[in-house]
Amino acid sequence: MSSSQLQEFLAREFPEIGGLDLRVEHVDERCIRVRLPAHESTLRPGGTISGPTMFTLADVCVYLLVLAQIGPVALAVTTSVGMNFLRKPAPGDLIAEGELLKLGSRLAVGHVRIHAEGSQELVADASLTYSIPPR
Amino acid sequence: MSSSQLQEFLAREFPEIGGLDLRVEHVDERCIRVRLPAHESTLRPGGTISGPTMFTLADVCVYLLVLAQIGPVALAVTTSVGMNFLRKPAPGDLIAEGELLKLGSRLAVGHVRIHAEGSQELVADASLTYSIPPR
Amino acid sequence: MSSSQLQEFLAREFPEIGGLDLRVEHVDERCIRVRLPAHESTLRPGGTISGPTMFTLADVCVYLLVLAQIGPVALAVTTSVGMNFLRKPAPGDLIAEGELLKLGSRLAVGHVRIHAEGSQELVADASLTYSIPPR
Amino acid sequence: MSSSQLQEFLAREFPEIGGLDLRVEHVDERCIRVRLPAHESTLRPGGTISGPTMFTLADVCVYLLVLAQIGPVALAVTTSVGMNFLRKPAPGDLIAEGELLKLGSRLAVGHVRIHAEGSQELVADASLTYSIPPR
């Protein structure tokens, strides 16, 4: 699936996170980049972006990377997540860079790093595992 | 802090998740129970509750358990999370049962188990670590 | 499989950790208890038990709990682990108490808590996932 | 600390894993590479390297990377680990490539990827957090 196909899939299957306005900027066989635009609604008091919002960004990012390889299987499900919150993000857009570590017949694993646009410092990293239904 | 104090703290400091209508049902020195009432808005297509919603429930649950011991320190922050999604939840309210595993001077760690009301089967479990600011 | 059958399986299939002298003290459909006797060889300078030794204890504990349900399938493999090291253990034996959170057709998940004998305080906790081969 | 200083520190402070013959091949301000030579003693039946051995490799790798920055503080301790076991490694040496994600005043976080020499495919990845004593 291409970036634009993933974007359409996201809008159609995950309307409940439409308010985040996530944008798939790049995808290939190993990597994906997803942008979370700065919006008032995702800011916490003090200007921080909430943990659950970053979790959503990480989860969607790797999920779409897996679907880009195997097609729009809405039944793939997240089975486990390990996530570190490293720093308070600077104001502005967040960029999630996902990488596929394994694509097996039953499990897929990806790693994602989140940083603020224009900054090299990581805000968070996560490893996520998805169970893939029999094909 | 008591259940009602935690409930007020939650409403005041985390208005962005007010829509989840989380309810602190019990808290003591080691344990907490938080309820996520069933609402149309948290359901995904197919009747499932989304991963990010369950992450929010787990994070808030242990965060409030830590605050119940150390007082309303809004600056305590989540530093790492390990979470497993075990089963699709049955329709209805979700119950998160949190337990404090460690309360150190710098780090607090809790474990939380989420199940649907009336069911013994776990929907998810998570371990969360919080960094506690110098007091 | 019973405690004694698990003990025999452990000795036969995992000779490389025989030096730890792990003992399966109890197992049933949901829970297991495994003891790590205090030995000079597992102590680090300062009297601490090393992280890798506690990892081994946690992994073996939940692995045997899974095998107790599905039989001696040596091909079940650990796929992911989240583990917290909470306190330096007091001298003496360590006790690992494992609990089965999920036993699916493809994945099993267990949680384990490690404490020193005679102490209520947790030394470590871990959640482990195993991939189960098709049966 | 340089590669050779880390190597000496490892031999002096961690004699119990001397049998693994770990070799620090490179270290700089952000990255480290540690080699686990193939030895009969670390192989499991079937030629696999055990999970605990890979855990040890990952833990030592990131621990030394942190010490390379802050000096030989033997009191830094592992507080949490998230690790995925992705594939059975091919026979031969294992290479662990560690990267520092955060070096704060209280916590350091690193990510490590393990692969067999000569192979691009990851055998395991892990994120590890260390608590740094007050300096």
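Per-chain residue numbering starts at 1, and chain names A, B, C and D are given in the order in which the chains are listed.
Here is the rule we use: a contact is a pair of C-beta atoms (placed from the backbone, for glycine too) under 8 Å apart; a residue touches a chain by one contact, two chains touch by 3 or more.
Treat the numbers as computed from the prediction; the structure is a model and nothing was measured.
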- Shared interface numbering between subunit D and subunit C [over half = same, under half = different]: same
- Message: Which chain has its C-alpha centroid farthest away from the centroid of subunit D?
- Response: B
- Note on the structure: So, in whole Å, the Cα centroid of subunit B is separated from that of subunit D by 33
- Could you tell me the distance, in whole angstrom, between the mean C-alpha positions of subunit C and subunit D? 22
- Task: Could you put a whole-Å number on the gap between the CA centroids of subunit B and subunit C?
- Result: 27
- subunit C residues touching 2+ other chains are 79-80, 82-84, 127, 129
- Message: Under the definition above, what is the set of subunit A residues touching subunit D in their complex?
- Response: 82-84, 86-87, 101-102, 109, 111, 122, 125, 127, 129
- Item | Complex contacts: residues of subunit C adjacent to subunit A | 79-80, 82, 106-107, 127, 129, 131
- Give every residue of subunit C touching subunit D within the complex, in rising order. 13-14, 16-17, 41-42, 44-45, 50-52, 55-56, 59, 77-85, 88
